[in-house]
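Order of writing sets the chain letters: A, B, C and D. Residues in each chain are counted from 1.
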Amino acid sequence: MIRLSHIELGVSDLAASRAFYVGTLGLQITHEDDRTLYLRALEERGHHCVILRKSDKAEVGVLRFKVFPEADLDAAHAFFTAAGQPVEWIERRFMGRTLRTQDPFGIPLEFYAQMDRLPPIHQKYALYHGVKPLRIDHCNCFSPDVDASVAFYSSFGFRVTEYTEDAESGRLWAAWLHRKGGVHDMAFTNGRGPRLHHLAVWVPTPLNIIDLLDRMATTGYVTNIERGPGRHGISNAFFLYILDPDGHRTEIYCSDYQTVDPDLEPIKWDLKDPQRQTLWGAPAPKSWFENGSTFAGVATRDASLKAQPIVAP
Amino acid sequence: MIRLSHIELGVSDLAASRAFYVGTLGLQITHEDDRTLYLRALEERGHHCVILRKSDKAEVGVLRFKVFPEADLDAAHAFFTAAGQPVEWIERRFMGRTLRTQDPFGIPLEFYAQMDRLPPIHQKYALYHGVKPLRIDHCNCFSPDVDASVAFYSSFGFRVTEYTEDAESGRLWAAWLHRKGGVHDMAFTNGRGPRLHHLAVWVPTPLNIIDLLDRMATTGYVTNIERGPGRHGISNAFFLYILDPDGHRTEIYCSDYQTVDPDLEPIKWDLKDPQRQTLWGAPAPKSWFENGSTFAGVATRDASLKAQPIVAP
Amino acid sequence: MIRLSHIELGVSDLAASRAFYVGTLGLQITHEDDRTLYLRALEERGHHCVILRKSDKAEVGVLRFKVFPEADLDAAHAFFTAAGQPVEWIERRFMGRTLRTQDPFGIPLEFYAQMDRLPPIHQKYALYHGVKPLRIDHCNCFSPDVDASVAFYSSFGFRVTEYTEDAESGRLWAAWLHRKGGVHDMAFTNGRGPRLHHLAVWVPTPLNIIDLLDRMATTGYVTNIERGPGRHGISNAFFLYILDPDGHRTEIYCSDYQTVDPDLEPIKWDLKDPQRQTLWGAPAPKSWFENGSTFAGVATRDASLKAQPIVAP
Amino acid sequence: MIRLSHIELGVSDLAASRAFYVGTLGLQITHEDDRTLYLRALEERGHHCVILRKSDKAEVGVLRFKVFPEADLDAAHAFFTAAGQPVEWIERRFMGRTLRTQDPFGIPLEFYAQMDRLPPIHQKYALYHGVKPLRIDHCNCFSPDVDASVAFYSSFGFRVTEYTEDAESGRLWAAWLHRKGGVHDMAFTNGRGPRLHHLAVWVPTPLNIIDLLDRMATTGYVTNIERGPGRHGISNAFFLYILDPDGHRTEIYCSDYQTVDPDLEPIKWDLKDPQRQTLWGAPAPKSWFENGSTFAGVATRDASLKAQPIVAP
């Protein structure tokens, strides 16, 4: 498997979401119809990284992953079958055959090998606006049992780069796992789940994030700014968290580090160390710990670890 | 009068203050003895912009202002005498004759025309480190009566650029006044006073502020980070507030705007608009509204307006 | 006198100039008719900083300066009359009464006290695009006799901040003079003149200049990039020089230093030091030394000093 | 194979090289003795990315590549043996067993699976200085036959991301090949070779490159600045080329793009398009096309394609 490549979000008002993701963030429309919007970021050549679908409720449709070569799709089919997960071959627009399955907590996952390719636009600088999103980076999900989630994703190739351990129980509180050579493609945090905590897009520099803040703050989106800007202890990334009109959370993200060495040692953080969350010390707001987006048709269950107290350094 | 040019701070541990202002912020030492440290920023040619003086308690010695030409010193003497304020000619090291006086609330003020000049160092880039402080920008003080403070400073040449009005009483809550062509040399905020709220140094770009945050957060200064980074509504500046080892507050500041036109209209803000404080919406911590440094030997009195509730947008 | 406030350029194709100054640079249109375009930068509240006027030939109309208070207009009238220069009171659109005169080499100068004020837009971040021009900074002109130009402008209040001297003759090669507290409002360089070398606009950070380069390079303007990006030795500014569709040169400029102290010593540079031009060493192209825009109806004469050899460090 | 991981340079004056790579660039010393200096960049956990070795002449010792797992070392041994290249198992300090071999033109290559790991320092921000080098990125070499070089490296796993073709002959002029998911680990350019054109280090943002330029220009290194700053058309990277005291060239590099999809189509450039070299148009100096570092004990031969004329856009 190569990487997390796109996500499908159910949104209640396509025009409002278009204004947010296209007009404000700067994602590029690659296909649009009455009920759907396909978007790509500026250095991507795959057809889309985000699909917005008109929906009665705000929810997440599916997370999709690129595999390569084609034979790995069949290997994935065999793996998920052996794991006792439901599997199904389906056709998806702009892609070849797609394997639909789910993780042990019900997160809908799809795998494919081929997506339509579009000509490069990363040097069409007239298209750059908003936060200048370059590519999708990762998804972070609440899991009711992070140990179980990490064990499962590790079993088909994800590698842990950083993690937080609850010192008392010795259990995982949160973990970051990658395929593509950054800190993560997927992360899991203890909490009622499965729910999407956030989707992340990669941007060139912290100044683009400051530009976005200035713009959101003066175009009616000030209450959509949830947390940041700041530096995460974990991942070392410069971040901003914002909410779309339906409350789906996006992290604007840059400057984590390269993790391509397969023997790179995971970094362990203490649950009691508040700098793991914000290196600079400012605590995240309560909403950031509590709110998330449910997956369509997937029931959630309580977290296995008791909620941590929110502490400032 | 030309500008606010320097401030004298009483500090309890000169070595700790040296580590903070020189080692971490990057101010340059221009004179040092057992009890005093003179510092300048990188584009300044005057001998110093900050004096740190060993003191039994953390307090502010004096604010000093450059006038030019020399004759304006005599005019200042006449003005403060006519205003009924105590005046005194004194000699200060590294400067010529100095007029010592005070404002109506007792803030110690000194005026001088000549300070020793040092060779330029703004292109000695090997000296740049820390946050790369370029120059002193302004001081912000709590005043028990902002209307009275503004009236007084305006009477000798300060011009208001922005202000916050309490809609009910029609009285000033806070005001920003300049001489040198930026948003302010001096600002006053309603509060128990007189007290110094903060001193501000100007830096090149927001990225230098991010560098400082990373450095402070990983060298034992994480609890000295009080507020920010953020964008002020008022002044439009990108800011960070940090505390020195004695709790004296410094604002790291960049990107306000030019105000040299004498007929530039002041911008009025509503006390109920939280974006005046942080354009992006995040509220300041309680300490930021409450804590300040007293001036040596000067009694404080209660604010004339009742404290505002701290609100998020 | 307060500052250089705007310039009028004659352009051969208003639509092409509009695409350049508005679409690419990001100046804001404040008035537009068949033959004229009035533009302001993002932190300015005066009605305009650049006027583009349809013209048979590419040339410069006039440089205009704000004075304050109104009485200084009469003082200027007296000064130029005494200096033997032609003077005339005229009415200009969007301004009050205006004094038209010229400098000893014929550069058309106009002075006014009042310009229409527009509401602030510096926090309307949705308007920011292109290079995010904040304000007009300065004009630089070829002068056939820099000593004479500097003497004249100094006689009505300009102060020299930096200069280049021809060591052999002891004469000025170039000089930078300010009113508003930066390195310059006006600069003069030895050369066939009078001609405008360039107009400069101030931008927030070097990254905005890099963004402009990327955009110009990929939208048909690559040959309009003449020199840079780089750091000037003189002024310490980060710069880029670009050419508009008529060949008028604009400098995109940031990060010079504050010069408000009236006793700030000018910095002297040796004509043989190539780092005065580009601190980093790369030489300017020949065109940059030779090309300039004539002033409408003003004859030029040869430079008084022989052209310097163009040298790399 | 995982990635290019380090390079060994022969230098004539270890103290001068130390001042350059450590004092000016900001690489960290991990081991030092009389004749050798081991350096790592700030986000690396492997023991070193550059080895400087005292040498009678300026030359390149070897390029080394990390493979994983250990079994891939044996596969590499088999591959190079089958390819008719000399192979040898050797022991290298701070690494496990190492395979020494060479490419068809004689470039000395070594492969290893294990290097000593050091604790992370990427959040020890007090160590960051100079250009804040984060990691080694790639090496670029002159090849007398780029087609042959590309064919060879492709046969053991490198993938071409961009290339320049000579339209007349249909032969490759230059090519960029990667393993780790960026634009390249190795590049080859037509020229007398084999010679190293440059080593590249990755830095966070273009502003760090501007800081380095300011510093080099004012600390005696102005003539070590060879080309830039600029944006490459190929790779889209923001670049600066500098020369160490022996003339070894380093590229300071940031902001290329992610290439992890194995089916990413290579981008083809026309040899006649000058924007492939500098998107913004400024031509590279002659030295940049001509100078390179020889590999120790390896004879060079003439380029197979005739030198291109150096053209500006």
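Here, a residue touches a chain if its C-beta (ideal position, glycine included) is under 8 Å from a C-beta of that chain, and two chains touch if they have at least 3 such contacts.
Computed from a predicted model, the values in this text were never measured in an experiment.
Shared contact partners of subunit C and subunit D, listed by label, are A, B.
In this assembly, the chain whose C-alpha centre lies farthest from subunit B is D. Contact count check for A-B and B-D (C-beta pairs in contact): higher for A-B. Each chain gets one centre point, the mean of its Cα atoms, and the points for subunit B and subunit C are 33 Å apart. Centre to centre, using the average C-alpha position, subunit B and subunit D are separated by 48 Å.
Subunit B has its Cα centroid 43 Å from the Cα centroid of subunit A.
Touching of two or more other chains is recorded for residues 123, 205-207, 214, 217-218, 279 of subunit B. By the touch criterion given at the top, residues 205-207, 210, 213-214, 216-218, 222-223, 225, 229, 231, 238, 275, 279-282, 313 of subunit B touch subunit A in their complex. Residues of subunit B touching subunit C in their complex: 2-3, 43, 45-46, 66, 68-69, 114, 117, 120, 122-123, 134-135, 180-181, 204-207, 233, 236, 255, 257-258, 260-265, 267, 279.
The residues of subunit B lying in touch with subunit D in their complex are 123-126, 128-129, 205, 207, 211, 214-215, 217-219.
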